[in-house]
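What follows is chain A paired twice: with chain B in the first complex and chain C in the second.
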Partner chain A sequence: MKQGNPKNITRRAFVGAAVAATAVASTATFAQGAPIKIGLSIAQTGGLGAGGKAALLGLQMWRDDVNAKGGILGRKVELIVYDDQSNPATTPGIYTKLLDVDKVDLLIAPYGTNPTAPIMPLVKQRGLLLMGNFSFEVNERIQHDMWFNNAPWNDSVTWFSGFMEMGMKRGAKTIAFLAADAEFSQSLATGAKNLAKHNGLKTVYDQKYPPNTNEFSSMIRSIKASKPDVVFIASYPSESVAIVRAVNEIGVGSTVKLIGGGMVGLQFGPIMESLGSQLNGFVNYTSYAPEKTVEFPGLKDFLSRYAVKAKVEKVDPLGFYLPPFNYAIGQMLEAAIVATKGLDQKALAKYMRDTEHKTIVGPIKYQRNGEWANARVMMVQFTGLKDKDMEQFRQPGKQVILSPAPYKSGELKFPYEKARN
Partner chain B sequence: MSGKMSSMGGNNRIFVGGCIAVVLAAIALMTGVRTDYVFNASYVVLQFIVLASAWNILGGYAGYVNFGTSAFFAMGGYTALFMIKMFNAPLLVQIIAAACCTGVLGLGIGLISLRLRGIFFSIATVAVAIVLETVILNTDYFGGAKGLQMMRPEPIAPFTSYDTMLFFVMVLMAISAVAISRYIEQSWIGRGLRAIKDNEEAAECVGVPTLKLKLIATVVSGALMGAAGAPLVMYMRFIEPVSAFSLNYSVSALAMPIIGGTSSWIGPVIGALLLGSVQQIVTVTISSELNVLIVGVLLVFFVVVAPDGILGLVRKLRTKNSAKGDAKGGAQ
Partner chain C sequence: MFSWDLLIGALVFGLLLGCFYAAVSIGLSLSFGLLDVPHIAHPSFLVAGAYATWWLAGFGWDPILAGLFLAPVFFVLGVVMYRLYYAMFEKHGSDAGLRGLAFFFGVAFIIEVCLILVFGVDQRLVEAVYIGKSIDFTDDLRIPMRLLVAFAAALLLTIGLTLYLGKTYMGRAIKAVAQDQIALSLMGADPVKVKQWAFGIATAVTAIAGALLIIIGPVDPQLGRIYIGRTFCVVVLAGLGSMSGTLVAGLILGVAETIVLTFFGASWAPAVAFGLLLVMLGVRPQGLFGR
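What follows is the complex of A and B.
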C-alpha cells in the first residue's frame, strides 16, 4: 500500500481547502445576486414566427446590454423563452410552467393578440404584472390593471382615424372594406366601419375572406366595380402580399384616393423587398419609418447594432417594426425595478402606470387600460421604390409619414393609380 | 365456454382494479404535488387519451377514418361556452351538454356521410369541420373570429385550484372513454364493427346491422370527442375558432391510435401516453417546432415498419420468441 508524504498531504489538503472555499464563496455570491428571471413565450414557428424571431432578438439585445452593465440592482437578467407556435392553445401550459416550475420573477406576454388572450385571465387571477407584446385590444374584456402593452396604439378608432382623415380631406364619400376573417383584422375592421359610419362615409363594398386566402382577383375586381374613394384592407402577411400583387395586376380604378390601412406584413423587410415597386402608392400602418421627423435617442444606434446581429441570426434585416419595441419592454422593466428597488409586482405596476417611460421608441405613457395614452400609429405611403433592394428601405423618403401630425414627413400622393407610377 | 367467461370476468376485475389505481394515483398526485404545471400538462395528455379512444371506435374498429376530430372537439368547447353564457352552467352540465350536442352531430354525420366510404368519408368529415368553423367565425355570440376570454370561477371543494379540478375531471373522462371503448371492442358492437372493417358487403349479407352499428359508432365517438372539448374553455380561459378547430387535434387523434395500435382499446391509450407526453416535454425543452416533426416521423415510421402499431409489434415479437422457443424445444 502506497503511503503519502505528510508534506504532500498538507499541500493537497491546502489546495483542496482553497478550492472548496472558493466554491463556497462563489456560491454565496451567486445566491446573493441570483439572476432576475423574465419568462415569455414567443412564436418562433407558425404564422407569427418570422416577426417573433426578430422581436426576440430585440429583447435579447436588451438583456445583453443590461448584463454588460452588471445587471439590474447587481443581478444579471435571464430570459426564459419558449416557442408557442403562434398557437393560443399552447400558452396556458407554457405560462403555468414559467410561473410554477421555472419560478420566473416577471412575465412578458407572447407576441400577438391570440396567444396573449388566454394569459390575461391567468395574470389577473394571480395578480401579476404583464408586459404586452404587440397585441390589440386584448385587455378590453378582462380590464387587468397590471397590463402594459408595448405597441404604439390603443383602440381601433385611434388606429383608423389618421387613415380616414386623409381620405376625408381629399373629399372621399365612399369606402370599401376587405378584411381577413380573423381576430386582429376583424377588430380593426369593426372599429373602422363604426368610424366610417360616424363620419358619413358610405360603404360600397364589404367583404370578409378566410385566413390564408391567396387568390384575390375576383375581390379586387369587385372593389374596382364598386368605385370607392377609399379602400381599407385588414390582412395578414401572406394575404397582404397576394393583395398587393393582385391590385398591381388588375388595378382598383381611378376613383381610389387611398388604399391600404391595416395590412400586416408590409412592415417586414423580406416582404417589403420582395414586393419592391409594387408597394408604391399603398398607404399602410407601421410602428417606425426612418424619416427625419422621427428621432428618438438610442434608436439609430439600436437599429445599426440590430442589423449586424440580424444578419447572423437570419431574421428581418430591417427590424423597424417589432425589435425596438421589444427592447423598450426591457428598458421599462429595468427602470421600474431600479426605481422600486425590487420585484414587487404591485409596486412595479404602479410605477408603470404613473411614469412617462423614456425608451428608444420615444416616451411612453400608459392610460388606464394599459395601452398607450398617446397612440402613435404611423400611416406611411410607399413611394419611389425599386425592385430587389433592401437597403432603399433604410433611406428617408421611401416610407413617407402622413400621420400622426408631429411625425409627418410628406403629403399624400393621390389618386392611387397616379401615385403607384 | 365457462372458462372463457371466467377469464373475461378476471380481465374485467383487473381493468376495474386498474381504473381504481389510476384514480388513487391521481388523488395522491393532487395531494402531493403543488405545481399547477404538472396538472396542466397531464390534462393535455389525458385529453388526447379521450380523443384517441373516441377516434378508434370509428377509425380503428370500423375502419372509417375520421379527419374531423377537431370539429367535434371544438363543438364541445363552443357548446360549453353557450352553456356558460346562457345558464352559467357548472362544468359537469357543460360536459353533458357538449356530449349530447356532439352525439347528435355524430348521428347527423353518420346518416349523411356513412353512405360514403374510404377516402370520400374522410373528405366529408374534413368538410364538416370547415363548415362548422365558418359558422362559428361568423357568429358574434361566440366571439366570432376574435374569440372570447373567460374568467375561471372558484374551484369546487375539495379541489384547491381549478387546474387540479380540471385534471381530475379529465382523469375520470379518460377512464370513462377507455371503458366505453373497451366495452365496444369486446361486445357484439365491436364484433360487428370489425366485420364491417373486413368486408362491409359480406357483413351485411350475413345479417350484421351495418348502418345501425355505424351510427352507434359515430354517435359514441362524437359524444366522447365533444365531452373532451367541453373543458377547453376553462382550461384555456379563452376560445377562438382557429385554434379550437386546429387540424392538430385531428392529426394527433389519428396518429395516436395508429402508433399504439388500432386493434385494441389499449392501443390508443399507449399512443396518447407516448405521443402526448413527448409533445408536452418537447414543447418546454427543445422546441415546439419539433412537435409536428415528431408526430410526422413517428407516424411514417409506424405506418412503414409497424402498421399494427406498438401492439402489433409486441405481438410479432412474442410470436417470434415463442416460435424460437418451440424450435429449441423440438431440437432438444
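What follows is the complex of A and C.
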C-alpha cells in the first residue's frame, strides 16, 4: 500500500486549508458584517407604556425571525431602543442621540402622536426615512416625503366618517365632543368637528380636558344635560377607563345613539378585561378584531406566537392592536432593503412609496402623505361581555365590526342605554 | 350653559371629590404639616398602597378591607423610613430639610421603578360591588357609589385622626413634638420615637388612601406625580398640621374644581389648586387653620 509523503500532504493540506479558510472567512465577513442598526424610542413607562411594551415585543419578534434566517443581505438586525416615558419632550434628544452617537442606519418613530410630532422637523431636515408607529396626522403640516405610517388610518375623515355615518343613518342631529387637550385627540376632534358641521350635525357640547384627568362625573353630567344624539370621545388610556366608568355610573341619557369613537386604551387586553361588561354598548375604533370577516395571511400564527411571549414579558396578552403592525414595520423595511440592496434612505423611501407591501396585517399601499391609501379604521361595538374574562376577547362576536363595509360583521345596537344591557 | 341642576350636581360632586382629596392629603398633613418632614414621596406611597390593594383584590379581597389590612404593614414601613431619614439627615444638622427633600424625591423614584418592575406599566383597576354603580336620587342626579365610599372613608379618617391627636397620650405627644421638641425631651419623652411613631401613622394612612385612589380610578406607577401638587396644596391651604383643616381645604378644592370644570371648562380645573394656593399664601400665609 503506497504511502504518501506526510510532509507533502501537510503542505498541500495547509495550502488547501488556507484557500478554503479565506473563502469561508470572506463569506462569513459578508454574512456577519456590521449589524443593521434600527433606532427608536418607544414608551415603556407612562401613559403609553402598556401599549409601547406590547408594540416593542412585536418588533423584537420580527428582529428575531429575521436574524434566525441569517439577517438581511447577510447582516443581522440590531434594535437600539430607548424609553421616552410617553413624554414628547424627551424624543428630540433621543433621536439626535440615535443619529449622532449610536449612528443608527434606520429610524422608526415612537409609538403615538404626541411623542412623534416633535421629531418630524429633525427627520425632514436631515432627509431621513421614518417609519411611523400609530401616530395621527403628524405629517400634515411637515409634509415629509420619506414618512410612512404603519397605522391603518389616514386623516380625521377616514377615522370619523364611519362613526358619524352610523349615527346619521339612525337619525342623529346633534353631537357632543369630549377630547383630551393633547396633540392626537385635538387633531382628531378638530377634524371630526369640521366633518360633523359639514354634514349638518349640530354640536351641543364641546369640552377639552387636561390629560390624565381621572374623574369625569361632572363632564358626563354636562353631556347628559345637553341631550346629544352622538357622543364622540378622543381620550388616552387612563382617561378612557375613567370615562367608561363614569358613563356606566351617571348614564348619558336616552337620546344617545352611539358613544365612543376615538378612545385609546379600549384596545389593550388588561384594560378590556378590567372593564368587562362596562364596555358593552360602546363603539370605538380599533386596528383588528378577531371576527370571521378579518383574515390576513400570517396574522393568526403571529398572534399565537405573541401570546406565548407576552405571558413571559408580562405585556398585553391579546396584542391585537399594536404588535402585528409593529411586526409589519419590520416586514416592510426588510423588503425595501432587499429590493434596493442597501440602506440608501432615498432609494428605500422610493420603494416604500411605489410598492404595495405584503404584511401580516394585510396589503399596505401608501399615499403621497405617507399614510395608508386604503385606510381601514375599524369601528367595533362591544357586546355580550362578561366581567373578569380575558379569553372572551379572543372569540368572535364580542367586538362586532360595524365599519368599514368589507370587514363588517354585525349591526349597530342602539340606543346606547339599550345596547349596554 | 347654566342650569340649577348642573350647579347642584357640581356642588354635590365637588363635596364628594373634596373628601377624596382630603383623604389622600391627610397623611401628608401629619408628616409635613406636623413633623416638618419634606415628604415629597407621599403620593408615591399612595400609589404603592393602591398597587398593594390591587394585589390583595386579586385574591378576592374588598379594596377597603385590603387598605385596612395593609395599614399596619405601611406603619412599619413608615417607621423604618423615618429612622433612615433621621439617621441620614435630621440628626446631622439644620439643612436636613433640603437634603431630605432630595432624599424623598429619590425614594419616590425608587418606588415608581419598583412598581414598574414588579407590576409592569399596565394600568390597574379593582372591582367591588360599589364600583361602576350609582345611587339614583333622580334621573339627573346619580351619585357614583365609589365617591360615596371615598367620602365616608375620608370623614372617618379625619375624625379618627383628630380624636387620636387630641385625646390620646401619644397623639398629644405628636402635637407637642410639632410645637417644641426640646421642651418635650426635657419632660422625659424621646422626640425621635414620637416622630417615628407619627411618621408610621402618616404612612399607614397612605395605605387606606391608596385603596381609595384605586377605587376612584385606574392607577399606573407614575400616577403619584399628578398628586404632588394637589396634596401639598390641600395641606398648605388647610394650615400645616390641621386635620379638620385638611378636610375643609379638600372640600374647598373639590367644589372649586368641579364648579370651574362644569361652567368654565375642564382645562381650567388644574389651575384652581394653584390659584387657591397663591391667594391663600398672599392673604393668610398660615393657612385656614394654621398654627
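We adopt the following convention: the second predicted complex is superposed on the first by the 390 of 421 C-alpha atoms of A that agree within 3 Å, B and C clash if a C-alpha of one lies under 4 Å from a C-alpha of the other, contacts with A are read in each partner's own complex, and residues count from 1 in each chain.
The rule we apply is simple: contacts are C-beta pairs under 8 Å (C-beta built on N, C-alpha and C of every residue); 3 or more make two chains touch, one makes a residue touch a chain.
Bear in mind the structure is a predicted one, so any value in this text is a computation, not a measurement.
Undergrad: Please determine, from the superposition on chain A, whether chain B and chain C clash or fit.
TA: clash
Undergrad: Contact-wise, after the overlay, does A:Pro210 reach chain B, chain C, both or neither (first, second, both, neither)?
TA: Both chain B and chain C are touched by A:Pro210.
Undergrad: Touch check for A:Asp387: first (chain B), second (chain C), both, or neither?
TA: Touch status of A:Asp387: second partner only.
Undergrad: For A:Asp181 in the superposed arrangement: first (chain B), second (chain C), both or neither?
TA: A:Asp181: touches chain B and chain C.
Undergrad: Could you say whether A:Thr45 touches chain B, chain C, both of them, or neither, answering first, second, both or neither?
TA: Both: A:Thr45 reaches chain B and chain C.
Undergrad: Once chain A of both complexes is superposed, is A:Leu122 in touch with chain B (first), chain C (second), both, or neither?
TA: first
Undergrad: More residues of chain A are touched by which chain, chain B or chain C?
TA: C
Undergrad: Identify the residues of chain A that lie in both the chain B contact region and the chain C contact region.
TA: 44-45, 181, 208, 210
Undergrad: Provide the residue numbers of chain C that touch chain A in the complex, in ascending order.
TA: 1, 3, 5-6, 9-10, 13, 17, 116, 120-125, 127, 131-134, 140, 142, 144-147, 216-218, 220-223, 226, 258, 261-262, 265-267, 269-270
Undergrad: Of all residues in chain A, which touch chain C in the complex?
TA: 44-47, 49-50, 52-53, 181, 207-210, 212-215, 217-219, 221-222, 224-226, 237-238, 241-242, 245-246, 248-251, 265, 268, 270-271, 274-275, 278, 314-316, 387-388
Undergrad: Considering only the defined contacts, which chain A positions touch chain B in the complex?
TA: Against chain B, chain A makes touches at 44-45, 82-85, 87-90, 92-94, 96-97, 99-101, 114, 117-118, 120-122, 124-125, 141-142, 181-183, 185-187, 208, 210-211.
Undergrad: Give every residue of chain B touching chain A within the complex, in rising order.
TA: For chain B paired with chain A, touching residues are 35-37, 40-41, 44, 134, 137-138, 144-152, 163, 235-238, 240, 242-243, 246, 248, 280, 283-284, 287-289, 291.
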